[in-house]
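Before anything else, here is the set of structures, which you'll find just below.
Here chain A shows up in two complexes: once beside chain B, once beside chain C.
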Partner chain A sequence: MIAGSGITPSSAGITAAADVPAPTVRPTSLLRRSLRLWRTRIGVIIVGGLVLLAIIGPYIAPYGPSTPVGVPNATPGGKAVLGTDYLGQDVLSRFLYGGRNILVTAFIATAAGLIVGVAIGLIAAYARNALDDVLMRIMDVILAFPQIMLALVAVAVVGPHAWVIVLAIALTTAPRAARVARGAALPVVERDFIACSEAMGVPRWRILFGELLPNTLGPLMVEASLRMTYSIGVIAALSYLGLSPNPNSPNWGTMIQENQIVLPVQPWGAVMPIIAIALLTIGTGLIGDGIARTAAGIDRARSAE
Partner chain B sequence: MTTPEVAERSLEPTQPAVSVTDLEIQIAATRTPVVSDVSFDIAAGEILGVVGESGSGKTTVGLALLGHARRGLRIAGGSVLLGGSDILTLGDEQLRRLRGGSVSYVPQDPASSLNPALRVGLQLREVLEAHARDRDGGQIDERVAEMMREVALPDDRGFLKRYPHELSGGQQQRIGLAMAFANRPSLIVLDEPTTGLDVTTQAHVLSTVRELAGLHNVAALYVSHDLAVVAALARRVAVMYAGRIVELGTAEELFSAAGHPYTRRLIGAIPRLTGGRTLVGIPGHAASPGNRPPGCAFAPRCSLRIERCEEEIPALRPVGPEHGVRCIRAEEVIATEQRRAGDPIGHPAAAALSGALRLDSVVALYGRQEVVHSVSLSLAEHECLALVGESGSGKTTIGRAIAGLHHNWTGKITLGEMPLQASARRRSDEARRRIQYIFQNPYGSLNPRKSVGEIIEQPLRVFGTARGREASTRVAEMLERVALTAGYAARYPDQLSGGERQRVAIARALVCDPAVLICDEVTSALDVSVQAAIVELLGNLQRDLGLSMLFITHNLPLVRSIAQRVAVLHQGTIAELGDVAQVLGAPEQPYTRQLISDTPSLEVAIAEVGLAEPEVS
Partner chain C sequence: MKRLTSGGVPGFVIRRLLLGLIVLLMVSLVVFAATQALPGDPARAILGRSATPQSLAALRRHLHLDQPVIQQYLTWISGLLHGNLGISLAAQEPVTKLLAPKLVNSAVLVAVAAVISIPLSVAIGSWAAFRREKVFDTLSSNLLLVLAAVPEFVVAITLVILFATTVFPRVLPSISTIPPGSRPWDHLSFLILPTATLVIAVAPYVARIMRASMIEVLESDYVEMARLKGLPERTVLIRHALPNALGPVFQVIALSLAYLAGGIIVIEFVFNYGGIGSALQESVLNHDLPVVQALAMLIAALYVALNLLADVATIVVTPRLRTRL
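And now, the complex of A and B:
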């Protein structure tokens, strides 16, 4: 049927296309383009450094996290570079051990919340009917509770298990991600390539994740880094309030709580984790901001045509 | 520069109202010229048309007359003399007082230029108050009423209290015109003000522009991509290509004896209402700023190119009293007859034997509102049926109902022998494969995250036709069929021009091996020369592959160039249906007649200025 010959380019009058330069590579992705901004680079360096620290920390720590090395609340010097805490444990070692837990929990909780939330948001946007309303009103109900309060209640009722904290944070992250995903997907749903897939009979789930999702990645990446920032804050706050799975395990949040009373005498036990948590949230925030700016075209060096 | 010379001679004894000399506009960051060597005069009361395709710099020139450059651009040189002072040297405050006062602007999209939160009466008052010196409220009210009467809108309080969204597109654009003429400017820049309006509305707006400019002795610059519109409105026309004026002359001269090969090709690409001809597109596409060739910018696409064309940029030379051409072979071009705009279309005998597609009393609804009332149609095999109508006539709804994209309809649609379900989801793969839909806007119909190859391959995967290597071969075959190369498979939609994107969309439809192709305003987002090439391609494909095609359009002349039969749709019912030559040549229904007389066409424009059809056909 459709074999060559019928129309030669000349009869079609459009030989032109052929002399266009050879195909170029895919225009660089949003993530890579955002790395041209200094704010994104600084964010990546900070977060990367802290993640690295949390991973290799336990291997380079001079002592174990719960090993008593001297008198309590000793100022820096001697065997303990950053002094000792209220139990005489080495502050530096506890600091190096204490990041892993908070990062892993925050990452898993955020990822789970995002996956569920984005799926709900995309389905709602694509459905455009009663299902949209039902899903989004459920999300609104969850949104009505402050994140930290819901987590507190969950931990208070079930107990301070790691999975409870992860679940509580994922649950409260999901509706926020769902709103953003739905908002980003709504204009895409109206575009003709979605209609084209429908006319072709492409399965719904494939339209959702093959056609819709890739076109909402920009705002979702921003949301992901923002939600990560919030999750870190909430987990640190929970452990600060003493609601971590193991009260004596090294943990930045717990460390602040344990050592805040002696702040004037031996500040390092509280200050180090404070700096780390602050840097972590600033770093993720900078990355999110960088991606958002790139997506919006702010700071674009390329001049308009 | 020779332009002032050319223009000066054209002038009445009076001074020109506005005089542009050697305008140069650059991309601010890279200093790449976007517009160069633009010079022209406009006399008071004269309308100068500026035509060009997208990217030619026509809008940029229009805005420069207001002393404005879009973000990222910079007016680097030249002068715009208006009433003795150079607009380009004015400060911000002076410019602010100038704009809306002695210089005004009518933007392309009236809907987005009016503030949706303010009543139109208030917005009109604002324009007057901003420039009023000693007028009291009563006088302003009077002026508002007068302005409304001038643009033929009701001047009662009720109307002035409406919000922009309560007005039709044509009414909104009249408000835009009223605001532009409010302070009796001496120069007005109109930037495609009728794009997106129906032909009937467009005809009204155009006559309003003509009357007002004449009445108030305003110099007007009318920017448009539509030669036919410009021909109907302007006495003199400047044709822009790649940032330069390539030809400037009276409308008659341009259409009867154009001196630039580009003008000639552009005229050849315009569909005509009389005498169906195949359209001839212009090969290649205009180079973007920064990639323009060193010599004549049109040289790479020009069939009359000689070596010298590529060496130097030709000057705009006078070839007649009011006629300037930027081509070193202008005299030769003028001496040759305007080339045939293509051959008359030879349609295969109407194969009325069997219907490819039948619609029986189809009623389509939006919510509870009936937008299509009992439409019956049949599309024969190998036939191209055009469905024309103004916006809101229901033509796209019919197309979408056939494709199963609009679900809310009753009646019967039969494909061959197979009755079709309302929604595409409930139809069989076979039905979905055999009807293919090509969308209006190629910028929206291709997923920007997928490569061209993936896009064209998708139907093959969905229908299980081919996989792997075989699929790639088919994709390459399709790309060549739509006059692209196999190399395009690796590209992404944002690396393609509008015409190339539409070709990809056509390839995606063809790869399904369809029986019926529904083309929904497929060329309305494209430039004329690209439109011509796409219509040419679709016509060839339809004939060679024996497709049945439903060609939905609002562009009547285009129908001539592609379809055998035409159905004129008016408010959801078919007003007239028949052979193209008969319906367009001797319309029976008053609505069809009205539609034809409102359609701006080169023939009418030329006839009006007292010229016979040039030696075109």
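And now, the complex of A and C:
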């Protein structure tokens, strides 16, 4: 998965070929239309199922996340349905507790990064002057760090606190979102209704967020699901690398690392979180692709008219 | 930069080079500020709470923390430019000496992955475009979509489960620790799983862009013209379509290579492969700031250089873009 460098079609600077054109449909109708595609439906079902699992998981878990229930690395059977992990804790219970942390962190970080990034991208596109250049060059500097590396350096300097991880992910998500937002807003800025609003004396912030933003929501929704996919990957990878705020908290990434050595004996402790993370990222990826296809389809139909 | 438009291709290269240098300068400021100039005491962060005042003072002198911030930055950056990256705090030896063999290991891994994944993904993407909406296209598109989403360490461990531990035990080694003093190519079986992971991590992006670009080219007038001239389909595809479709792919290939530089951090950790990625993870855990600084600069510089190469290569292979310079 390309999380670090943010390889999106629209990050291809001079090759505009892969840029997603801004579809001028209402976002709700874009979402509804994209649900006609099977891939979007499957994605929504997978993500919905895992979110539900993360929410109700702790209530249906048979044991506490750190309660020892038997000998370490016991294979499935008896008291522990999926066996026990390297400390003799119940794999199923830890799995049911372990999703919340990743989902909440990834959601907050991605949302914060998207809000900041989209604001910067829209301001840059609307400014069309030196401010545009300055803002986008600053974004280039942040883009020179792979996402996971910046998060690692931040953790090295400040420590593995939850807010450091959220901040690092948000900071690296913002420039990628800014590029997409700017690319989508540039053609809209040139259109007559923006000039019209300017002539009517509509305040600048209302033009930015009341007129530019709604007309760029198509590509931004695609970007949002893509960024969510990458954030989940990076956050899971960080806890896999042993850099989660609380080393013994039940967390899918941490679980994989803890139980990797005992894979030949008792695979379930690593296999369950692996399946969950893979399904979660595949789900968000499918949703993003579904929205992108729908947006492109609407656009093609319009240009054919 | 858009306003400085003259000079054709050499002018463009010079402008991009200058821009790259400016970005690198700012990157060095960010790395320095983040690791050394932040409020708070890096020496205490490194040594922890048990540090004695003497050891704190010694470390501060060692890191030049007793000098003014500007002086610290200048000392650091001039050392960097002279190839002197300081002394690793954990290993107590020069960072350059510590990182050189690891750099070779990582370079081998990335090079092998690139040599395999780029032709493979170009082939998959082109073939899917030739056979658009047929079985191969549908299957490969969906598979690539799924593979593109899954984090690389999940791919890595899935491969370990499949080929090393659980499903087909001991077909391949699950750990790829290169013994000190030997080279990665002495242990080819160690390279297979890490390389496969990198290939799976990168190929989907290149293949998807290749497919889109090839479809666009195949629908173009000059391909139709070549067909109408009666050229054999093989010649049309290989001589006319392929070179033109590769243009937009360069950018993605360069970005993918740059990505590999970041992606190896987790993958090397999974396989315990001694490269710069696992060195970064270790130095982060040990608070070994000189090593963190060196690796951050190295990976960022690689990223900027590859982006620059991609832009220049795109201009060189796409003549019509030159008119916009």
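The rule is short, and it goes like this: the second predicted complex is superposed on the first by the 269 of 305 C-alpha atoms of A that agree within 3 Å, B and C clash if a C-alpha of one lies under 4 Å from a C-alpha of the other, contacts with A are read in each partner's own complex, and residues count from 1 in each chain.
Here is the rule we use: a residue touches a chain if its C-beta (ideal position, glycine included) is under 8 Å from a C-beta of that chain, and two chains touch if they have at least 3 such contacts.
What you see is a predicted model, and the numbers here were worked out from it, not measured in a lab.
Contact with chain C, but none with chain B, is seen for A:Asp140 once the two complexes are overlaid on the shared chain. Contact with chain C, but none with chain B, is seen for A:Met149 once the two complexes are overlaid on the shared chain. Touch criterion met: A:Pro267 reaches chain C, while chain B stays clear of it. By the touch criterion defined above, A:Asp192 reaches chain B but does not reach chain C.
The wider contact with chain A, measured as residues touched, comes from C rather than the other of chain B and chain C.
Of the two partner chains placed around the shared chain by superposition, neither chain B nor chain C is touched by A:Ile45. In the superposed model, A:Thr281 makes contact with chain C only, not with chain B. Chain A residues in contact with chain B (one complex) as well as with chain C (other complex) are 1-4, 7, 9, 11-15, 17-18. Chain B meets chain A in the complex at residues 27-30, 34, 55, 70-73, 280-281, 283-285, 288-289, 301, 403-405, 424-425, 427, 429, 432, 435-437, 439-441, 444-451, 458-459, 462-463, 477-478, 480-481, 483-485, 487-492, 494-495, 500, 503, 508, 510, 513, 532-533, 536-537, 540-541, 544-545.
Residues 1-5, 7, 9, 11-15, 17-18, 39, 133, 137-138, 140-141, 143-149, 152-157, 159, 229, 232-234, 236-237, 240-243, 256, 260, 263-264, 267, 270-271, 274, 277-278, 281-282, 284-286, 289 of chain A are the ones touching chain C in the complex.
Interface residues of chain C facing chain A in the complex, by the touch rule stated above, are 1-2, 19, 22-24, 26-27, 30-31, 34-35, 38, 42, 45, 145-146, 148-155, 157-158, 160-161, 165-166, 169, 174, 201-202, 205, 209, 212-213, 216, 247-248, 251-252, 255-256, 258-259, 261-263, 265-266, 269-270, 280-281, 283-285, 287, 289, 292, 295-296, 299-300, 303-304, 311, 314-315, 318, 321.
Interface residues of chain A, counted against chain B in their complex, comprise 1-4, 6-7, 9, 11-19, 22-24, 26-27, 191-193, 195-202, 211, 214-215, 301-305.
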